[in-house]
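Okay, structure first, notes after.
Order of writing sets the chain letters: A, B and C. Residues in each chain are counted from 1.
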Amino acid sequence: MGFLTYLINGLSLGSIYAIIALGYTMVYGIAKMLNFAHGDVIMIGSYAVFMTMANSGLPAVVSIIIAIVICTALGVIIEKIAYKPLRKATNLAVLITAIGVSYFLQNMALLIFGSNPIVFKSVINWKGITVAGLTISGITIITIVTCIIIMLVLTWFVKNTKPGQAMRAVSEDKDAASLMGINVNATISLTFAIGSGLAAIAGALYCSAYPTLTPYTGSMPGIKAFTAAVFGGIGSIPGALIGGLLLGVIEILGKAYISSQLSDAIVFIVLIIVLLVKPAGILGKTIHEKV
Amino acid sequence: MKLLKNVTAPTQKLIRTVAAVVLVYILMEILIAAGCISSLIQGLLVPVCTYSIAAVALNLCVGYLGELSLGHAGFMCLGAFASAYFSKLTADTIPDVPRFILALIIGTAVAALFGFLIAIPVLRLKGDYLAIVTLAFGEIIKNVMNVIYVGKDSVGLHFSMKDQLSLGMSVDGKMIINGAQGITGTPRQSTFTVGVVLLILALIITSNFVNSRTGRAVKAIRDNRIAAETVGLPVSKYKLIAFTLSAAIAGVAGVLYSHSLNSLTATTNNFGYNMSIMILVYVVLGGIGNFSGGIIATTVLLLLPELLRGMADYRMLIYSIVLIALMIFNWSPDVQKWKAVNGLTLDGIKARFSKNKEVQ
Amino acid sequence: MSLLEVTNLGISFGGLRAVDEFSLKIEEGELYGLIGPNGAGKTTVFNMLTGIYKPTDGTIKLNGADITGRKTADINKAGVARTFQNIRLFGDQSVLDNVKIGLHNHFEYSTIEGVFRLPRFFSTEKAMNEKAMSILSVFGLDVEADTLASNLPYGKQRQLEIARALATEPKLLLLDEPAAGMNPNETRELMETIALIRKEFKVTILLIEHDMKLVSGICEKLTVLNFGRVLCQGNTSEVLNNPEVIKAYLGE
């Protein structure tokens, strides 16, 4: 395989990271919390797609829509039950609760689906295209295109719609936003809904590319996507895209050219270097303390 | 209690905690001798000590330095591998006790050294960024450990980061660190007694540290960095000292861990970010900055899955629900208010008891 | 030689010139006031004097030694201590420990001696406790020694902050609006305290204040800052009668 193939595979994996990273970055921007359970929402989404498509024979599009609905509902419910009571508590308490939710989802899935890996049937049957001797698989193309569409729509949504503006206002200053008549609770719920809905899409794409599904499938892409969000500057939507793509490309190229065992280490080394040069990530803003 | 009159309040607390640990230790030894403790629980005694020490280490970092580290399992990993490497290398040449003490010193020193090196860049960052970089370092350590090959033959030591073959050892060669298979056949010297001794040592060192001149400076930096600078404290120096000490103590936990197993490997479950987070759970549940609370939380959470074993498949699910419920119960402002109104806070309960006494 | 000599100090944040051509001379033992309307740049001057902000240009000399742009901790060691407008105590520590942290650089035992409780730990801690209590007693805070700093009432927190600054044995003490949020009674007490510490600790004081009564009551000299520039400088009575100053304060 040549460099171009690796690069395209990297961009494809990076696109998935970017979609997951959006969920982290939006929730962090608004609720100032690391939603550790986000990776497990991806896993639930993948199981939902698997159950509806491979088991019940529904068309791929329908099963993805069902998965989105399930994950969206799940995200909102998690926020209401586990995170909302702790909104004014210390960050650490919320972090631990998120870890608790993560364990809960994993063990719930373990009970329902068992620990045996499931071979995931790709949601895309298209073989792909061959350009100048270079074959690009259908899933690769669809993944990259989906990511671009999501980015464009989300950027437009946040900039130009009322709920999007409310989201930006809440992330700047909760109290001020609420004084301006913005429904803070509804806005936070909306953010969780969007992030979790995207996680369902990411799950379907991830498992189509890497077709082994277990209750723990979500945690590694989750943590890497979170790294991507930090990489690009947490809280920033274009940052999530840049961070996700970079991470995916570095991971695949590192695997191909340096060492397949050390690819994770390489990703994290690059992350550390980036943060040392730009302490708030590539597109993040550094906030100075007022004296 | 009269004896305690002349010492400061933090020292009193330390003495009480150590006394409690010793008491539990004696009780356990008696129960084991009487055959009342199942082998499953006996198997958990060393892990309880190991993770209690790790919780003490992380508590120093989170509670007193005020920085969230998600990489402490990495320091455990370093302590574990460095000490096991030494123990295995010298298993035939040095007698048990001095070898374990040397292994302990080496494991601790290696963890401290890396803690120091990592802290230099990491402590320039703030908050969540610092947390994610410590997580990254922890993952790197675990990852690199999996590709290290060291062998020994008549010629000497061979080192490779590729595979066993590229070591180029002669036939009599013996593997010491074998990549992802790690180190096998480390002398198993981590008994419950050793664990308790190390835990007490870790408690005394950290408690004395945070209640000394240096510790006060560290806490001042945590409370208000700018004010700390204006009273002349070299902020970076003290953050570095505290982080290094925290890493060193995590290294002690690693030494205890590696000498309790036949085969030592670095996996996601024992040295990955999952474990770092687990230790953080112990710390937060036990109360940030509260060493004895951390030990209690570690013990309860390690024993809980075993106690729930009767419920088989549901035990981890129940565990996660308990975790969420505990966090909400402990930290939610609404619940706090409800507890205060109903006199269910610690102070409220104390007041109630003392009132009863007066009535009698 | 003046204790503090500031020449043409200036700082820009992005395109904004917050302080420009600020010069000031303070002689040893003086009690000097820095006044001016909100947003005039008074706290910014303090932040430059203590190294929290690095000045864009100009020099700061303490006893003839150039301290411009040095690290905050080093400037404190050179002899400058301060308080903050929005009180910055070590809230999770006792009143006594707050002052002992101020004493940090004047007492010495190593981390090892502290961890293993070697003899020097006990002797030094004892000496630190005595010294800290003697400073606290000047403010009548010795009875609160074991209270958590964040549990003190507001007025006492301000006093504790001054006590902590004094513990670093400064030559020059900078007080940023010490009377902010105090009622007239507390302000009067504060004036007495300031007069007292000046005598007890032989320290030169530069203070930022809004309360004109306090300023005219205790300061010998004043500098008025307006829009980041010095409007007027000199003896208190002259400055307060200057028509420019009256205009800046009362507005038109």
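We take it that a contact is a pair of C-beta atoms (placed from the backbone, for glycine too) under 8 Å apart; a residue touches a chain by one contact, two chains touch by 3 or more.
Remember, it's a predicted structure, so these values are computed and weren't measured experimentally.
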- Message: Measuring between Cα centroids, what's the chain most distant from subunit C?
- Response: A
- State the pair with the higher C-beta contact count; candidates are B-C and A-B. A-B
- Message: Just the number, please: Cα centre separation of subunit A and subunit C in whole Å.
- Response: 49
- Item | Whole-Å gap between the CA centroids of subunit B and subunit C | 42
- Message: Quick check: how many Å separate the C-alpha centres of subunit A and subunit B?
- Response: 31
- Task: Please set out, as single numbers or ranges, the residues of subunit B touching at least two other chains.
- Result: 226
- Query: Out of subunit C, which residues touch more than one other chain, so two or more?
  - Reply: 52, 84
- Item | Residue numbers of subunit A (touch at least two other chains) | 291
- Which of the residues in subunit B end up touching subunit C in this complex? 205, 208-209, 212-217, 219-220, 222-224, 226-235, 241
- Message: List the residues on subunit C that touch subunit B in their complex, please.
- Response: 50-52, 71-74, 76-77, 81-82, 84, 88-93, 97, 100-102, 104-105, 107, 109, 111, 114-117, 121, 124-125, 128, 164-165, 167-168
- Query: Quick one: in the complex, what on subunit B touches subunit A?
  - Reply: 62, 68, 121, 124-126, 128-129, 132-133, 135-137, 139-140, 143-144, 146-147, 180, 226, 273-274, 277, 280-281, 284-285, 288, 313-314, 316-317, 319-321, 323-324, 327-328, 330-335
- Task: Please name which positions on subunit A make contact with subunit B in the complex.
- Result: 28, 34, 36, 82, 85-86, 88-90, 92-93, 95-97, 99-101, 103-104, 107-108, 110-111, 219, 223, 226-227, 230, 234, 259, 261-262, 264-265, 268-269, 271-272, 275-276, 279-281, 289, 291
